[in-house]
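Next, two complexes with subunit A in common: one pairs it with subunit B, the other with subunit C.
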Partner chain A sequence: MSSGVSAVNIKKNFGDNEVLKDINLDVKEGELVSILGSSGCGKTTLLRIVAGLEYASSGDVYFGNELQNNISVEKRSIAMVFQKALLFPNMTIAENIAFSLRAKGEKVENLKKRVDEMLELVRLPGFSNRRPGELSGGQEQRVSLARSLIRNPKVLLLDEPLSALDANLRVEMRTFIREIHDNFKMTTLFVTHDQEEAMAISDRIAFMDSGVLEQLGVPESFVSAPESAKVGKFFGCKNLLEGKLQNGKFTIKGLELNTEEHLTRSRVIAAIRQEDLSLSEIGVPDSFAAQIIDWQFVGSRVLVRCDVIADGGGPTVFVEVDRFEDLSRSAKIFIKYSPRRIHLITSKDSN
Partner chain B sequence: MKFNLRIPIIVLFLLYLFVPFISIIFWSIARGWRFPELLPTSYSLRAFEIAIDPSGDIVQGVITSTLIALVVGVSATLIGSFAGRAIAMHNFRLKKSFQFLVLAPLIVPGLAVTMGIQILFIRYGLVDTVLGVCLAHLIPTVPYVVMIMTGTFANFDRAYEEQGQVLGASRLTVVRKVTIPMVIPGLSVSFLFAFVISWSEYILTLLVGGGSIKTLPLVLFSFLRGSDLPLVGAASIVFMIPPLILLRFTSKYLVGRSSSMTGLGSV
Partner chain C sequence: MGVETKRATPTTFPVREKRIRVLWLILPTLLVLGILFLGGFFFGVLQSFGLFSVVVDDSSGVSLDAYRAALASEKVRAGLALTFRIAVLATVLSTIIALILAISISRTKRFQKLIISLTQFNIPIPHVVAATAILLTFSQSGIISRVSNAIGLTEGTSDFPIITNDPSGFGILLSFLWKEIPFMCILILGALRGPVTALDETAKTLGASYSYRLRKVIIPYIFPSILSGTIIVFAFTFGSFEVPFILGQPYPPMLSVATYEFYTDRDLVNRPIAMALATLTSLSIAFLVLIYMRVTRRETRKK
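Entry: the complex of A and B
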């Protein structure tokens, strides 16, 4: 049986340092939510509070309807996998996996069979009698996962379990984690600093910055509709232009863009993804004139930096194009945009 | 041919270590051994017969010494482990002062301290008791345990304990099944040091035990004051046996991969 997880008004101070500032996070039963953010944003602290390894300065943690605040870590129906596999070096792989069942000191039926099933599940059959040191990093992490899953936890907590692995293995393992999650229909909280990882496996992402939950939503929303400039920036949006909104027209330093809004605001940020812009030789509707400054290769694509041509100098705009096509420095070109793809951030955000 | 210095150096070193030992063996079985003779002219096992007499001083000394050294070994390891863990894994106020205080008995001259201890122990009725001697022996032993265990715990990742907890194990189970197995090299070496130091302690035992707690070193010294050198030899041999037995079981932690002295037990 799995259950949802709710963190309600969680605050955490370490001395004078406010690590978590009033976090509210609701994870539905059977959902996989990533807590994403750069190091020091408080994501691991939040996970540790849910686990019970750390206590919140104030606020409540619920699993389903059960308040967890006064339940100590070993009594919570969780399993947690850390960045390091942390296999106990004095035990064999089988003993490691059986640890949680034996820890209670009761006799366990079919222990060997259950351990073997778990090894089968993580695709390491026959590893029972090996020792932790004999395994590769990926194998160790899979044993660690098996060791957690044998408990049948209601909530699975993963604290950057893949960041110690090399790149290819990471991709393989994250798919594997998603499969396991779907198999067990568990509620999973997955802490990561890697936005690609979060995008790839999450039902929803909770993005944190400086102890604040900045945005909670499906992965797509972070790309198409960032709620703050911080989120836009973290998810790689190169054009975050601060300007005015007049009857749905966005203006900044002599540049005027059509949007689908009909509002007026004195301060607004337009988030325009570089891949939603394109270069054009001639002026067409919904385009503006600019001058190419330089470019760089981003994987197989090219990121072109342009200055908008306007009186007194326009803003700098980045355009990502498919291929390197006859670009030349200082060339005058037109940048075509789509009003539909201009996302306006009107919130309190000041960055 | 190139002259290899290594072998002569090793031989000299071994001679330096073992010649006194060899002479003790000869003394213990000599019937008489006068100056110009290279080896004793006649032998006898008389000294060992006296040594293994169950009611004799040596056997009684061994019993007392073993009892005290075991109690001291266990207590010092326990106390020192807590202190070492605190120093290695936690930050607290006056930590530096605490570290200094813990190690101070190694620096301050023992005899001076012992006088003070004796006065204190007389006041609390601890002189002439086994308990008093054990307490006194903790003074020179705990610092060594703290040093060893600080190193051991500095290399111990607390995350292993958290991993145990999130797998449903209570604090006690975690200590029993996770922590202790991982720091066992440090614990073994600590026990060895504490045992051996307590085993060979003389001055503290003499002053606090007041001569009525006769550990083996006290027995040995009283023989030395007499002139029965074969008996001194036999007592010395008996004196060396328990530490050697202990060393046999802990030596794997003193050197090599799982050493708690150099790599400090980073498992």
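Entry: the complex of A and C
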């Protein structure tokens, strides 16, 4: 039986360095939440506090309604998979998987069936007698997962378990982790720095930056409605334009854009995704004139950098287009936008 | 017209040239080692086979007489038994005590650096100084004996128990333990700070108690480091000369002291016996070093 996880007002200092600043995170029972952020943002520290491997300087951790602060890591109903598989090198695969049950005093002869079931689950049947050194990175991580799941923990904690694997294997493994999660319906916290991974696997994402929980929401919200410029930037939004909002019209350096908001703000950031803009040879409603500066390939598409034509020089805008589009440097073009795709950030950065 | 520029390429040496360069660089050390140690050892081996003898006519060729005489000697047999006993005891006790100490230190959160400094302070002190200090402290004419006499605990210094220069080699053992426990402790502490900490954390998250983790994860993982340390300690205590020379009793002497006595004997006929004993000791230690190298290589490969 799984339970939800709540981190309430968590603060953590290492000496004078404040690595977690008043984190509040509520994970529902059976939910998979990714803690996403760049290196050093405090995501692993938060996970280790939930696990009990670190103690918070202040704040509480709950599993369901049960306060965990004074419960040691050995006694918390968790299982954790780390960046490296960390299989015990002196044990066989079967002994590794059975480790937690043997530590509880269960007899070896009673465990064979359960170990075999776990090996079936992680698609490694017949690997019982192998040694950790004989396995590939992906296989080792599967064994590590099996070793965690055999305890039937309430909460599964995954600390960048895929980052040591190569790209193809990562995609395969993240699908596998999601399947396992859906099978066991276990509350899962998944730490990653890879936004694609977080988007693919999560029910919700908790985005952290410099020890602050910047945004918590469903994956789509991070693309379509970032709550701060930091989030927008992390999720690849190239156009974060800071300007004014007057009766629903966003203005910046001679550029005026229609939006669906009917507000007035002296300072606001318009987040417009480059793939939501398109190039046009003729001016149409909801478009503005610009000049192509240069472009670069991004995968199978092209990112075009343009300067908006306005008195005194307009802002720079990025447009992502099909790679077969005919482009020429310094050409005057029109950039078409959709008012409903302009997301206005009025909180945090803009206040 | 553009100016043609020549791009500088980094200087590279072929492998053979590199090897010759390295050989030149280590030549001074090789010469000192070669002449003083290997040369001496080689000459000693030849003497142990009855060659280059100062008194015996060696025209009859290679002889194993010195080895036979050495192994037949009661003094050598008794000395070998004593040496073996002290080396094994020093190795086992220092390993066990150091392991307990290192584990306790690694679990201590407060004043850990201070405790480590206190336990390691005697590492740079030479064995000869340690042996002399133990002699001055624990002998019948030593500080403790005099203090106990002064405060009336004993009647005269001869009433004080014989701790040094005793038949059981207790003083020698004490000196070895005083030096080898910190050495083993620093070795084990180093191993405890390595990748085993991550394995220990993993075992914690799997619900294992400390004693279970210690038995099943920590000690098996650091065992190769412990083993290599015990081999070093055994090899050292087995071949050590200065400590048994200062703290040992005249009979039976430890093997190194017996070797010295045969070498400095007025009867020069005994010199090949000394060389035979030195050769046997060196070969035994070389064998242990070989095991040590194999263990460390296996450990490196595994990690």
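Definition applied: the second predicted complex is superposed on the first by the 345 of 351 C-alpha atoms of A that agree within 3 Å, B and C clash if a C-alpha of one lies under 4 Å from a C-alpha of the other, contacts with A are read in each partner's own complex, and residues count from 1 in each chain.
Note that in this section contacts are C-beta pairs under 8 Å (C-beta built on N, C-alpha and C of every residue); 3 or more make two chains touch, one makes a residue touch a chain.
Predicted model only: the values in this text are computed from it and were never measured.
Taken together through their common subunit A, the two structures put subunit B and subunit C in a clash. After overlaying the two complexes on the shared chain, residue contacts for A:Phe99 are found with subunit B and with subunit C alike. Applying the stated contact rule after C-alpha superposition, one finds that A:Leu111 touches neither subunit B nor subunit C. Contact with neither subunit B nor subunit C is seen for A:Val302 once the two complexes are overlaid on the shared chain.
Shared contact residues on subunit A (touching subunit B in one structure, subunit C in the other): 51, 53, 73-75, 78-80, 82, 84, 86, 88-90, 99-100, 103-104, 147-148, 151, 157.
Within the complex formed with subunit A, the residues of subunit B that make contact are 157, 159-160, 162-170, 173, 177-178, 181-182, 267. Residue ranges of subunit A in contact with subunit C, taken from their complex: 51, 53, 73-75, 78-80, 82, 84, 86, 88-91, 99-100, 103-104, 133, 147-148, 151, 157. Within the complex formed with subunit A, the subunit C residues making contact are 198-199, 201-209, 212, 216-217, 220-221, 302. Contact residues on subunit A toward subunit B in their complex (touch as defined above): 51, 53, 73-75, 78-80, 82, 84, 86, 88-90, 99-100, 103-105, 147-148, 151, 157.
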